[in-house]
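Chain lettering (A, B, C and D) follows the sequence in which the chains are written, and residue indices restart at 1 in each chain.
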Amino acid sequence: MKSEKIKNIFVQGAITPEFIANSIAKHQVKTQIGAHDIFLGQVRADNVDGKIVSAIEYTAHEEMANQVLHEIREATFEKFNLTCMHIYHSLGSVASGEICLFVFVSSPRRKEVFQAIEHLVEEIKAKAPIYGKEIFEDESHQWKLNS
Amino acid sequence: MKSEKIKNIFVQGAITPEFIANSIAKHQVKTQIGAHDIFLGQVRADNVDGKIVSAIEYTAHEEMANQVLHEIREATFEKFNLTCMHIYHSLGSVASGEICLFVFVSSPRRKEVFQAIEHLVEEIKAKAPIYGKEIFEDESHQWKLNS
Amino acid sequence: MKVTVKFFGLLSEVANCDEEVFMTDGHTVTELLQVIYRKHPKLQLQQFQIAQGNKLVTDQIKLTGELIALLPPFSGG
Amino acid sequence: MKVTVKFFGLLSEVANCDEEVFMTDGHTVTELLQVIYRKHPKLQLQQFQIAQGNKLVTDQIKLTGELIALLPPFSGG
């Protein structure tokens, strides 16, 4: 199944477990699927020189990010035998312990989903113009750097 | 976090999206986690010589499977830097489109979860004494073979 | 010795039962298998591993009296 | 030419704004950058990529009048 139009990957605030459950439930009519793989990025309460991250505030070049993700999605459908692919990223404030990234791939066979999920997450981290500002408990902040 | 006692991996019937959502929600207090990876096995409506699989009936050497999974879990905690690991498998009838296997790993860092999830799923398939009987729409059946 | 034997997956159909108690004078899994095959000769055509207690064993292993399971290829997931 | 420039991430703090309109007589991104640096000299110390419209471009590229974005290293996920 190829997605032809550009989708909006952004959701305001944290991605909830209920949102993820709904997304899983929608795939139960697709009975050619044998394997799903779901990656979730969760905000860590990192300790930076004694200060604890309490939340990350996400901003993005939204239009460009959606375009870039569209291209990543098309290329990933070419590369792997996938039935479905869904990507959601938070905008705005996401508290530590909450989920900011939800990547979901499905295929008839498991081998494909393991490869595809890692590929997609690495592509998103490397190519999507999204920014995280780590907010500490004392309301100071630093800009997140991806490793 | 090491699991010391032998857990029961089996749940009666299909694993629901709500069960998965609850499991995700329980991890939101673990703020050292940065990445989750979830594998879901879903029953395919395979076409075998013109007959369609409508369900799989799972049976297992339960006590042995729980022991084997305990050993797989301990070895996987040794091998990868994981915060949490959860494994659930259905017993009894699971209709096509429903979920029969739920594997969930969490780590501070994403690299670990990609490797750990694939390792775990392959180990479960290879080593757990679990059997699937594929039930066709005409109520005939065949014993599932893993590839 | 009295040994309880469980048949899993396809083997439960071949033996036409899930669980059965066998008597054997032998001391090894091999000797127990001879007894089982006498009752269910078709099992000899099947591929399976053997577990005693919760551990896979070879057929030279000594019987302990624990549960013996005949396990055809696994198909979980 | 009138060009709208957006500053992302850390750069929005260095420029002390998210978006600003610049006038330039130049035809390339390089020439636009000279105008931007005149107003915000500290931006010269920063590492960033440039997007015109929704595409990453090199600084030799011709200005089209589309939105220019200054993008420091990404940190999504």
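Criterion: a residue touches a chain if its C-beta (ideal position, glycine included) is under 8 Å from a C-beta of that chain, and two chains touch if they have at least 3 such contacts.
These numbers were taken from a predicted model, which means no experiment stands behind them.
Take away chain B in thought and the touching chains that remain sort into A, D | C. Ranked by distance of CA centroids from chain A, the top chain is C. The distance from the centre of chain B to the centre of chain D, with each centre set as the mean of the Cα atoms, comes to 49 Å. One finds 74 Å separating the Cα centroids of chain C and chain D.
Rounded to whole angstrom, the centroid-to-centroid distance between chain A and chain D, based on C-alpha atoms, equals 27 Å.
Measuring from the averaged C-alpha position of chain A to that of chain B gives a distance of 23 Å. The residues of chain A that reach two or more other chains are 41, 110, 121, listed in rising order. With touch defined as above, residues shared between interfaces to two or more other chains in chain D number as follows: 77. Chains that are in contact with each other form these pairs: A-B, A-D, B-C. Here chain A touches chain B in the complex through residues 17-18, 20-22, 24-25, 27-45, 96-99, 106, 108, 110, 113-114, 117-118, 121, going by the rule given at the top. Partner chain C is touched in their complex by these residues of chain B: 41, 58-61, 63-65, 67-68, 89, 100-101, 121, 124-133, 143-146. Residue ranges of chain C in contact with chain B, taken from their complex: 6, 8-10, 51, 54-55, 69, 71-77.
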